């Protein structure tokens, strides 16, 4: 056990990916709450989660190159486990209809989406479901208005997709288990 | 390019023992587990330097979460000083530099086998339960692929049937520990072999719970504020162990889950199963300044 | 209650481990070296079940575990899991194997010939008790054949396939770098072919024999004929970052192919291969593989049944975990039992004898 005796200290990579994961974990555990990421760089999420065992769709060529450098395969939306996508307008939504939602047999095959948004302004949403004691409300902008009806149509629980919204170095998680009402 | 550039500098073990790719897989599966509460997510389950069946599933979750500022508590049967708890706790601190604690209040991360502490867990705490058998349907369907289909169809009729048969034969439900519970009104899960006493602690709790079976390679989660309802018939209330009035012979405390210790004279004495609560109560009685947090049970009853 | 005595845990486990290790004494390089040289079949068995080909580490694991095979395999698996993956080797083809032993029970003679190689099959199993009386046993020297057997041999199944005798499932085309890896992803059923073969390769020899034997006795529908059994060395060919493919060395491998006439009226094949030389394991594994098609759920020859139950680290770990205290769950059952018997509720505190 001498190899363990030197005193374990995480390197910068370990510390960063651990903190990123923790933010994502609490974001998904408490839908609607804002959690702090260690960096506004969205590639940090890919770094913490993805490697050569993952298939990724990314509509941003610059980011796609970075994600590929972690070993993940770049694939069309319909084959992706993780989707880095802009949901600001109709173009993103046109892609979203292809998102894998898994099945009742394999809910884990449903994809994880990561999309940019602006918190604190725009449409007001009311959330209920696991992670929320009664209900939670938050405002979000920079997302196409039809996103929520499309999500409701796609998420036939336990099938569905899970969504992380990113605003700078902040993240909000919306797991498929959350019911969303646009106020 | 050389072979050396393809890999990191050699180190005997990674921080927290698990290498980066193992942690990434754990993170991906832990997030999916949160997104579908109570649903078993398959994972590769790396081999760790402990035997399968000895908490390797819980260990992989804990190792993924650990950081130097963590404070980790490990209990087995409610006791911090139980041999396997001591072994796991010392491994965790050795590979992560995290602080060890026995105090439920001071812990950021609690790994447990068979118990949930009596003091209420807070929103900033994570509970990791070790799971020997993740499949609540095993008694009615040992085949994993068939059981998976039954979960997909929410086909829990045969599980209800054995509960009903117990009612008819014995006049009560005879399930002991690991009482099956419906999570988020969709998936039946086994809460791991915690006593019935502990299952209501998971219902609409403030903390996050992961349940992980290393040997069976399945993990699932109960996020905060998630409905966890033991399977019961509407006219037969859920029955926890009849321990509410028992008194701990060491600390004098009543109202919590107890260990029964048979005595030479044919009787029994009882002691608190949550050993750290017992220690705190004894020290407080001796006049020490000890903080005991609010407990889930009050006067031997779970408030509705 | 000694083993859960207050605050006794840490000291107790430390002393218990010391007691065990004291029995084994000092472990030095010479002991490890002797184990490696004198027990090659055991080393092979451990390397196969650990799915880690490193004879020195296997010998060290055996020394550290005092010969407890399950402990040795666990030590190696836990070490293996910490190692980075540098490269994926090229697939090993049957007719490229450097073959030491190769026999078929299906034909009297086969293309390439029957090569008996090293074996105790026809030896009389007599203990050389003279050794204990101070007279060493010196093996008689080998008389080399006038013409050495060729190093590589064709596959018998290839001949059978060329004659249209074999029900040959369509090969699953996977790029070598994308072959599913059991150690990186969970085993699900119906299993991917690669996962099945990887599980069989890592399986517990004894467990595989028990279930394979049950199939041979009649709990399987197909009676195996050994089509081809090989003990060989395989070249591990990897790609250098500059692109050149080179041999990183050779590893000992065994493989068995068993066959029987299937419902289709053609020959069906069962296959198993593992690291190291271990004939009992590969014949048992191939027999289970042969019987798996269409097996009933819960039968010993059903894939889910035999793959789950022959995993040495999982099976042995779960078995020994029953030594851990279970008094919380036992107390819970006791409560239900007492409730059902309508006995008085557990003794009230004031009635508890001191």
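Should a chain be cited, it is by its letter among A, B and C, assigned in written order, with residues numbered from 1 in that chain.
Throughout what follows, contacts are C-beta pairs under 8 Å (C-beta built on N, C-alpha and C of every residue); 3 or more make two chains touch, one makes a residue touch a chain.
Everything quoted here is computed from the prediction, not taken from an experiment.
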* To do: Would you indicate which pair of chains has the most C-beta pairs in contact?
  => B-C
* Hey, which chain is the most central one here, using CA centres? -> B
* At what distance in angstrom does the C-alpha mean of subunit B lie from that of subunit A? -> 27
* Asked: Hey, how far is the Cα centre of subunit B from the one of subunit C, in Å?
  -> 33
* Structure fact -> Separation of the C-alpha centres, subunit A versus subunit C, in whole Å, is 41
* Check each residue of subunit C and list the ones that touch at least two other chains. => 184-185
* **Residue list for subunit A, restricted to those that touch at least two other chains** => 53
* Multi-partner residues of subunit B (each touching 2 or more other chains) -> 12-14, 21, 25, 42
* Which part of subunit A faces subunit B closely enough to touch in the complex? -> 1, 3-4, 7-11, 13-15, 17-19, 21-22, 24-26, 28-30, 48-51, 53-54, 103-105, 107-108, 110, 112, 129-133, 157-158, 160, 162, 175-177
* To do: Give every residue of subunit B touching subunit C within the complex, in rising order.
  => 1-3, 5-8, 12-14, 17, 19, 21-22, 25, 42-54, 56, 76-87, 90, 113-115, 132, 142-146, 170-178, 193-197, 215, 217, 239, 241-243, 245-247, 249, 254, 257-261, 263, 265-270, 273, 275, 279
* To do: Spell out the part of subunit B that touches subunit A in their complex, as residue ranges.
  => 12-16, 20-21, 23-25, 27-32, 34-37, 39, 41-42, 64-65, 67-68, 94-97, 148-149, 152-153, 184, 186-187, 204, 208, 223-227
* Across the complex, what residues on subunit C touch subunit B? -> 1, 3-10, 12-13, 74-75, 77-78, 80-82, 84, 86-87, 182-190, 240-242, 297-298, 304, 308, 313-314, 316-321, 324-340, 342, 345-349, 352-354
